[in-house]
Amino acid sequence: MKKPAVRTKLVEKRSKKAGLPPGTLVYVGDKDLGPIRITYMDYDEHNFHEEQVKTIEDCFAFKTTPTVSWINIDGIHDVRLMEKLGNHYELHALVLEDILHTGQRPKYEEFDNYLFVVLNMLSYNQENQAVESEQVSLVLGPNYVISFQERVGDVFDQIRERIRNAKGRIRKMNADYLCYSLIDAIVDGYFAILEKVGEKIESIEEELIGDPTERTLHKIHSVKSRMISLRKSVWPLREVVSALQRSESPLIQATTGIYLRDVYDHTIQIIDTIESLRDMISGMLDIYLSSISNRMNAVMKVLTIIATIFIPLTFVAGIYGMNFVYMPELKWKWGYAAAWGVMVSIAVVMLICFRRKKWL
Amino acid sequence: MKKPAVRTKLVEKRSKKAGLPPGTLVYVGDKDLGPIRITYMDYDEHNFHEEQVKTIEDCFAFKTTPTVSWINIDGIHDVRLMEKLGNHYELHALVLEDILHTGQRPKYEEFDNYLFVVLNMLSYNQENQAVESEQVSLVLGPNYVISFQERVGDVFDQIRERIRNAKGRIRKMNADYLCYSLIDAIVDGYFAILEKVGEKIESIEEELIGDPTERTLHKIHSVKSRMISLRKSVWPLREVVSALQRSESPLIQATTGIYLRDVYDHTIQIIDTIESLRDMISGMLDIYLSSISNRMNAVMKVLTIIATIFIPLTFVAGIYGMNFVYMPELKWKWGYAAAWGVMVSIAVVMLICFRRKKWL
Amino acid sequence: MKKPAVRTKLVEKRSKKAGLPPGTLVYVGDKDLGPIRITYMDYDEHNFHEEQVKTIEDCFAFKTTPTVSWINIDGIHDVRLMEKLGNHYELHALVLEDILHTGQRPKYEEFDNYLFVVLNMLSYNQENQAVESEQVSLVLGPNYVISFQERVGDVFDQIRERIRNAKGRIRKMNADYLCYSLIDAIVDGYFAILEKVGEKIESIEEELIGDPTERTLHKIHSVKSRMISLRKSVWPLREVVSALQRSESPLIQATTGIYLRDVYDHTIQIIDTIESLRDMISGMLDIYLSSISNRMNAVMKVLTIIATIFIPLTFVAGIYGMNFVYMPELKWKWGYAAAWGVMVSIAVVMLICFRRKKWL
Amino acid sequence: MKKPAVRTKLVEKRSKKAGLPPGTLVYVGDKDLGPIRITYMDYDEHNFHEEQVKTIEDCFAFKTTPTVSWINIDGIHDVRLMEKLGNHYELHALVLEDILHTGQRPKYEEFDNYLFVVLNMLSYNQENQAVESEQVSLVLGPNYVISFQERVGDVFDQIRERIRNAKGRIRKMNADYLCYSLIDAIVDGYFAILEKVGEKIESIEEELIGDPTERTLHKIHSVKSRMISLRKSVWPLREVVSALQRSESPLIQATTGIYLRDVYDHTIQIIDTIESLRDMISGMLDIYLSSISNRMNAVMKVLTIIATIFIPLTFVAGIYGMNFVYMPELKWKWGYAAAWGVMVSIAVVMLICFRRKKWL
Amino acid sequence: MKKPAVRTKLVEKRSKKAGLPPGTLVYVGDKDLGPIRITYMDYDEHNFHEEQVKTIEDCFAFKTTPTVSWINIDGIHDVRLMEKLGNHYELHALVLEDILHTGQRPKYEEFDNYLFVVLNMLSYNQENQAVESEQVSLVLGPNYVISFQERVGDVFDQIRERIRNAKGRIRKMNADYLCYSLIDAIVDGYFAILEKVGEKIESIEEELIGDPTERTLHKIHSVKSRMISLRKSVWPLREVVSALQRSESPLIQATTGIYLRDVYDHTIQIIDTIESLRDMISGMLDIYLSSISNRMNAVMKVLTIIATIFIPLTFVAGIYGMNFVYMPELKWKWGYAAAWGVMVSIAVVMLICFRRKKWL
């Protein structure tokens, strides 16, 4: 029974910085994540440039250029780099703290010159069959998006392709559309997780009909734990998307509204599915429990049938094993046969009784 | 135990198009559905025309004619056809995407020149005794309704009859009334499903009073799963109808409002019924579980009665089967008879005890 | 286990008219209800007239007379009569449909010149010990109330007496007060049902303390089903009364407001009681289940005590029943007595053990 | 298992007056409560007068005197007296009905010249260890409070002392403060009940750790029933206090607002405690149920150990009790000893097995 | 099974002062807490002074000084001191009552010249492994914060350090920021408790997979009780922080708003975690219960296997132990061997059966 990743992380990290002044930048995640990778994509309808830069200062110019820029930072464990970035882009100290302090509840905050979104990016790791959770923080400025990820690897590759190849409308649209696209990709990732869970649930259902064992129970429990984690991520996600959609910030254009509504619909769909799956799982638990009872019933029946048939027979045999001097039956010629007759009759009567009770 | 159709579909399809730009038209359903069938009905109070057309272009004129037109498209797997239609009727890219992307949560969206409604049409397939779910998308324009279905066959035949024969007020009313009629027919279809479920529940209740087996449990589970699916369809349906009813779009006339309120009442009634049935089902599970316990109790009693009567008797017989040289009872004349007496007494006392405990 | 009346009715009837145009008058109830009975009471503070009429036309004059008129129609299966009435009193087609289409969810609708209320009238049938449910529809006009019932017999007799004898303030008040009185009488009828349920629950509680059997479980289940039905009636009832109370229609005078608030309080009280009783019932189920377990425990203890005492004894007897040539104990003078000694000791030790474990 | 007082009362009383015109004064409680006791306290900052009067007319003057007057009526079964009082103080007929009709849900109503509050006063009767519930109705006029109780005895003695001795600010304040004080005393009474329930729960928890019996279950059930009753009283109580606090009636002065908020906080605290206790209780039920299962497990283990050790031994003994003519072992010199050896070996192996399974 | 601290305290204390006039200062906690310790910190950006004072009067000057002052009072059992302080700082009598009356529900109240906040400070006592709860009351004036604690020792040490060393922005900010910092520290303390609970839950999960005993159940129950207490503290905490954040009091500056929002997010995160942990716990209970059933199953299987194998064998042996004179088998040369053959065959058949049923 693996411990559900998200919960433990959440419970463990907080206390590392309890009591520190708010806005103190402390990275709370794993320390051995290697160097930070900074990449950017800068584009408008006609031009496109993509590069991996060495220092964060290389990205400072994008704050004011009219083209749309997407600065992606893989790795957030370099506190000094974060401070420099925060100062240049005028991010609030608490925003920087939230970016570094992974394990955040998804949230959305609106500032005068930028919007700040924190999300959990879930992905299914095929190797160790675990759901991996990573905090993605997005800062949406007038013509730039900065995305912060805990480590290299994300669900944004298709978006990068679309930007490179000018596929769809993304190159014609503004930074808010880019931000929407990133959120949409993350939300789509949840569906993939739900599919995996759905498959797992189906395989458990098959086990339940066949021959459920204690392992089945632990599987049910593990799926349930995963649903609890998922649910904890998705409900605030819905709030975030809803707030974005209802936002009146000038940073989000009216035309993007319908796309955000679409994402919002997806989050509702995810929530619906999760709630349904939870109902399924609780039903499976009931089946498991009653299948245990049923099996116990079967065991008991076997014992009862065998015992109730043979106990009286053994008694009869015991009777004629007694050593009384005066026992007339013992000397009868057909005594032995008669004893067998009695015993067979008892057994037959018993069997008829059991058949009537439908135990056989 | 069949896997509940709606859930699985929902969970499976999403990921096929994860990461694609929004508005990309991808059909996600089964591919082998045969040719698309396009039919239309064009009518006003005095005229009526019905035809099955070959190309979608034949229906383009209806966008502006003053008569009411109902264009029905059975089969949505022809992406190019959809694009042509969408361009002509000025449908938003996301609307087209939702139409193609079956497995949607029921939804309602309002645009300047049309309203868009997605619903699940449920029907009970008598052959394989399964509930079939199909996504129906409706586009309501000023004087036309376009309906999209996944395949041929629907619950609209009575409406067609009413239009053909000018039965009721439908020929006198506008396109919004036609749209209402279609929604009403779909909602009425839910009642048919609920009846089937109701019958199933009653048959299970009878099994429960009679002789519940493990199959009964799986039936309960299967009904429960169906209720979970139904519930997932109906709650958003209620929201859709409620939004339609409260809509202030000029496309819906004031006189249609009361009809929509009527449909809304029906959705509430469906929800009430589902919630009550769910309560019923959970009660049935309790009965099942306690009937297992009761049966185990019965088995145990039989075993206990037989064993507790014969074990002491066998012991007595064992005593006098011992081979001690000096055992005075063995030589008594009435020893054997006395032994029988002792044994019969024990048995009678036991039986009296059991009767007192009400085990017999 | 009776099937709960309200649920089944609701589930069954709908589909009879699926697909018909809205407003089509189809009576969906039992067909063999005998002739329709139309009675009216016409009164003001000083005058009173009561009569049973033959044709509905005899009641048409009351639409405009300044006196208060209560037209009561027992039996709604005459569709033509309904149509005539509806035309004269200008009732909306959907209102007529709701009146005929019994099994409605309680509802309230406001029209310009009349208010429409649908309620479930519950009464306890002493003969077959069942709760009977009947749909009562009320139309409140400026100076008349029309009430529609499925069959003869209702809870309004005391109101009739009060009108006849000018008891209380009813003769001094307007039609809205009459309408309130009818609703109040129906709501009071729910308390009678709750009392019956309360008595049933108390009798089940006594069974539970005494000697619960499988019948007790089915009683619990049956009460629970009844509560589910009741609950389904009462929650919408509360909404109806609440809407009436908050209504700003000129048909309801300000002075009637406080009376409606009183009825509203009663519906809340009914809901509170139902929810409490539901809690009670679920507690009773727990007791039942654990009493089964306790009984199984008792059975098992008896078996275990008998078996664990006698099995070792029988073993000892078996030992000395062996036929080995060289068994010194067999030839001892006190061998037999010693064997008895051993066996008694074993039994005593066992009994002490059981007493320590508090099994005896 | 006592039946929970509040529920039964509520369910039983209603039907006694079903169908009567609203505002009919009928006393529904016990009839043999002795004479009615009317007392009053009349005071301002400097003067104080207290008296028990014979006729209700003696209290009529207080309606207009500028001093604060508290008229307390113990016993509400004298309908004529109530009518006289109601006429003089201009109470609405429905208010009088609510006062007489005990078993009301706590409620608050605002009239032009007075406020009306109905509460349940709970007290713990030390003698028969039961919670006693009594309806207290309060009428707050411009400078008087009239309190109605079902019988002599209440939780107001400390308030009387404070008025007599001019303790605290009560003598300096207005009638609304007096009314608040009475409500506060009633709410404080709930805490006393909760303490009793808390003690009961703790004693049950101890039983659960020690040796739970079927009586423990019935205790749990009884506490649970009491919580259900309490909860039914407290939730509407919260609404009453909340409505009072938010009231804009000129009868409640601004300075009293903060005191009412304090009472409101207390009701919330009571609700929180009740909900927590309910959670506790449901946890206790789980423990009880699993302790039954555990005990059954223990019983089964004893049976299994004894049986599985001795059954094979008895078999061995049975073998050598057979009377075959040709059985070589029987004639061996060490046959008997060898048989013992086999039997002891079997027993030892069994014991080792059981130890490995941790059954011993 | 420890009784959950918070609940009992809450339930017990109330009644000590039932009936007293509101605003009466009565200390309800333990009496033997030693002398009261009063300390203050007075600072602005450039100056800092810290001192422990003897009499409360030494702190009276801070009411008007322009510097920010934090007066901390450890111990609230000196009623007279409280009165003096209350008079000088013009605290409402009910506020003083709430400060003294520990066991309050967290609350927030707004007055013209100060804000009042009551919180529960939770800390984990490493020694006796218990969660300790202490009421902290905060009064925020224009340029001072007064904090009241039940006893010496708190979670504020890091804040003191930050003030002393001018770390972070605290010395540059106003009293409202100090107040926020205190609340933040208390909320952070909840995370520490959650971690401990998380660890406990993980250790229980391991026990559950391994070998759950009755102690495991009591651990689950104890964690569950703790969660109930926590939950009761946290929900009102959320309301308090939310009210603070939305407050429009001039005592809270706009710049502090974002920090309060941050605290609010933390409370939401705590609530999410608690709800998830509760779900976990209920899942663990299910596992525990089914592991009991599984073990019973295992016990039953052993018994059944042994019994069903040997009972028939013993019967066979019993047959040939009978003493009939005419029993031909007994005289056969291979009779004995044949009997063994029969017995071995029976055993083998039985074993094959069991293997088929997967019992072995």
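Per-chain numbering from 1; labels A, B, C, D and E assigned in written order.
We adopt the following convention: a contact is a pair of C-beta atoms (placed from the backbone, for glycine too) under 8 Å apart; a residue touches a chain by one contact, two chains touch by 3 or more.
Every value quoted in this text rests on a predicted model; they were computed, and no experiment measured them.
The rotation relating subunit B to subunit D, fitted on Cα atoms, comes to 145°, given as a multiple of 5.
Here the spacing of subunit A and subunit D, counted between their Cα centres, is 42 Å.
Here the CA centre of subunit D is 26 Å from the CA centre of subunit E.
Touching two or more other chains at once are residues 289, 293, 296, 300, 303, 307, 311, 314, 318, 321-323, 327 of subunit B. If touching chains are joined by edges, the resulting network of the protein chains shown is one closed cycle, each chain touching exactly two neighbours. Following the touch contacts around the ring from subunit C toward subunit D yields the chain order C, D, E, A, B. Across the complex, subunit E meets subunit D through its residues 1, 3, 7-8, 10-12, 14-15, 18-24, 92, 94, 104-105, 107, 109, 211, 214, 217-218, 221, 224-225, 228-229, 231-232, 235-236, 285, 288-289, 292-293, 295-296, 298-300, 302-303, 306-307, 310-311, 313-314, 317-318, 320-323, 327, 329-336, 339.
On the side of subunit E, the complex with subunit A involves touching residues 155, 157-159, 162, 167-170, 181, 184-185, 188-189, 191-192, 194-195, 197-198, 202, 205, 209, 258-259, 261-262, 265, 268-269, 272-273, 276-277, 279-280, 283, 286-287, 289-291, 293-294, 296-297, 300-301, 303-304, 307-308, 311-312, 314-315, 318-319, 321-327, 357-359.
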